[in-house]
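Note sheet for the following structure.
As written, the chains take the letters A, B and C, and residue 1 is the first residue of each chain.
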């Protein structure tokens, strides 16, 4: 077989495989959207179809009208944004310390501790964290949710950033240090700008974690005013029947903000991870 | 020397940043915007499962609450919606830190557990002298009474019956509903011959143990017997007559499965699956309750052909009596106001709106097949025994799944369940040592 | 031992003091930088872990408040003896291995595909990440709806193309439930593998690949001999982290099957929830959690030891 033919076969196989994987990835999302825009009569049927002749927004309107979905989304947005900012701030400095300042006793071990912390079953973490939040009077507050999700997010964020920072040659910093730059401004002026893509990618991780958290979201919140958007999904599972159209509309609304965020920062994510390849 | 000030500036920058962050978060975020407390306005918190999005039965309960809130501006009841499973998890957590709401809607299996946790307020002092007490069925009061004390306010009651589609029966040439389990199976076979799926059960969700319990009491035994010492025990392993009764129940499931009256798929049916399948006419018969009336209000044409009959039985004409309650938690500050609200909640004014066909109030019996069909069965209803049911209910689900999925024989299932129930009773300190 | 006035005059103390001072001056930046992370790690992860450890030696049954107290190993004995603990551990091993291996396989395949210079690479990369953006709670309801035995699209499509004669209850059949939830878990989690592995692949130096091409290495050889060594560390971290996450996972299984049918998908994490919130026995739940952590640590220790032995055995080969 000539090189050209082999090349063509290889690229055909690549496209076929990528096509199949794309279907695998998109099928559930497409079905979710398709169900959400169908009239009720076409949802429960013996001949389900992806396409509908009468697309409708009625399910979305019902979700927005009958629940304070926008308020839940606002709560989630506040919690997720601040979780992201706090996790990133903490992780950037911690990762920098682990990579550059590990002569200090104990700091190197921090890296391993971050990984060890991931061995705790979150389902039981719910109990002590509920007690802590209750003692500190932080149930039903943004602050309580933010610090909980930050604690959950920091280990992995730090770990991601650590891999990236360890790839930055130390000489880049040397020049700045000779100029009399302090460590803090070093991080802000030198490290952050060159690692921005990785920081953004890590931020998306923290955001997705906080936005999608379910168990903590409903255990630490008891008031409607503080409800988060992912636990709010259970408002639409229905006590007596599952209105799939409604539930899927709520699900679509749940995913939209994350999708928008992803589209906005997409170019950073892949680049950031490429640059931060674990070495 | 030149470095020293920088140390400070670094520390200051960091300190300031931290302080600002905390202060910013603190002032803006630490507190929930609390409902402004006008002169004497009382806000009662309530955790309940009724969402306000569409289902008429849930909206109706909302409407009743709205009516109260409109007429009682000084005693506002503020519900937070969450599914039953979340209410249970959150009450458990809140119980340990005294963060409970004033009230929570509670499933029948949980009252004894909350009683054991010492988190329920005893309502007897407020209700015993109350003139309106007699408007609630005695059977219903009995179901919420533990050791002589009323531990929760009943809000609706769902007694169980056999529901069947008359058109399906007509097609199969069946004229009267089955009276015994054997007749039910014979009728089921006739339906099957006409290509009609005969029967439906649930295999998961809280409905399943309730369904199984109805068959158990019909068979003449109980999931846990109260012993002379006041504690409980499952006696199937030690009493051969009781074992025979229990085995008959599982045999009933096994026969229905073997003869194709029910399918293996139904082992994973939740009440939502059972109810909607019955409402759509996909199955001809099922053990159901008065909540099905709401389906006849919606777009389910097959609900027009539904008739109600007592559950078929080989032994006793009894059934399961579900009493759904509002629990009042200890430490609730405005107990007088709470009781005032709850007394109104069981009055005809509220019940007619919220639970027209499942009312606990003897005066609220709509003149429909739903109202009349179920009301006359209430006195044949038996509630769960007063023991911690959550873990036992889980074992009851496993038991039915074992039989329906052909993984254990009926007798082995009965013996297995007996052992599990006694283990769970022991773990919760409710097991009687007597045999 | 406070620092008394006379101790200041004594030489060793001054020395120690200055040592302390040097230490602080030398390292304070490191501690200031890592301080907040340590604070969160300790305050909200390790303190709770210690608390769980403490609970595991106490009788804490909310139904028996009078009986609370220290009980030694009793909770552990109860969990190990009267619960089908090892059956649930077996389920968890299947669930973890199945998920992580599947995620790794799909992640690696997609990463290799996307590493090629093809038209529309950014487009496919964008699509591949979509499942990871879907919250677990959303993924559960969507998949439950897809797999619904009465109205689900999957059964319908499979029947249409003639692959299946009748509807299959994917989540409700004991022999299929575990496979189904593993499949769903792979769907939700593999994009992270793709991204990380792709990142590492793109960091492989170009000249090494070119050199292999000139040597006439096949595509597989190029991957295995040249690229894979660069993926080793990413692979170890990904697999290691995910083994812990999947092994301890509660929400996904609970939302999809609640551990059923019967106990076909019950893992110790599900059992923890049932002990804590259905039996109200926090002590037993805590003992289960500690056992899970121990199992993970023991597994990692064994894997590390095996790895070390393997490398020792392998090392002499190039010489011989």
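Here are some notes:
Going forward, contacts are C-beta pairs under 8 Å (C-beta built on N, C-alpha and C of every residue); 3 or more make two chains touch, one makes a residue touch a chain.
Computed from a predicted model, the values in this text were never measured in an experiment.
Viewed as a contact network, the protein chains are fully connected, with every chain touching every other. Here the largest set of C-beta contact pairs joins the chains A-C.
Most remote chain with respect to subunit C, judged by CA-atom centres, is B.
With centres defined as mean CA coordinates, subunit B is found 36 Å away from subunit A. Between subunit A and subunit C the centroid-to-centroid distance comes to 16 Å (mean Cα coordinates, whole Å). Across the assembly, subunit A contributes residues 44, 127, 131, 183, 231, 234, 237 that each touch 2 or more other chains.
For subunit B, residues touching at least two other chains, in rising order: 10, 14, 89, 96. Multi-chain contact residues of subunit C, defined as those touching 2 or more other chains: 29, 32, 36, 150, 276.
Partner subunit B is touched in their complex by these residues of subunit C: 29, 32, 36, 61-65, 67, 82, 149-150, 167, 169, 171-174, 258, 260-263, 274, 276-281.
Taken together, the subunit A residues at the contact with subunit B in this complex read 44, 62-63, 66-67, 82, 86, 126-127, 130-131, 134-135, 137-143, 146, 182-184, 218-219, 222-226, 231, 234-243, 246.
Contacts from subunit A toward subunit C in the complex involve residues 10-11, 14-15, 17-18, 21-22, 24-29, 31-32, 35, 43-48, 50, 89-91, 93-94, 96-98, 101-105, 107, 110, 113-115, 117-125, 127-129, 131-132, 147-148, 150-152, 154-156, 158-159, 163, 183, 208, 211-215, 230-231, 233-234, 237, 244, 247-248, 251, 254-255, 258-259, 262, 266, 269-270, 273-279. Remark: subunit B residues 6, 9-10, 13-14, 21, 25-26, 28-33, 47, 49-55, 57-58, 80-83, 86, 89-90, 93-94, 96-97, 99, 101, 271-272, 275-276, 280, 291, 294 touch subunit A in the complex.
Subunit C makes touch with subunit A in their complex at residues 26-27, 29-34, 36-38, 40-41, 43-49, 51-52, 106, 109-110, 113-114, 116, 118, 122, 124-139, 141-143, 145-146, 150-153, 156, 187, 191, 195-196, 198-200, 202-203, 219, 230, 233-234, 237, 240-241, 244-245, 248, 250-251, 255, 268-269, 272-273, 276, 282, 285-286, 288-289, 292-293, 296-297.
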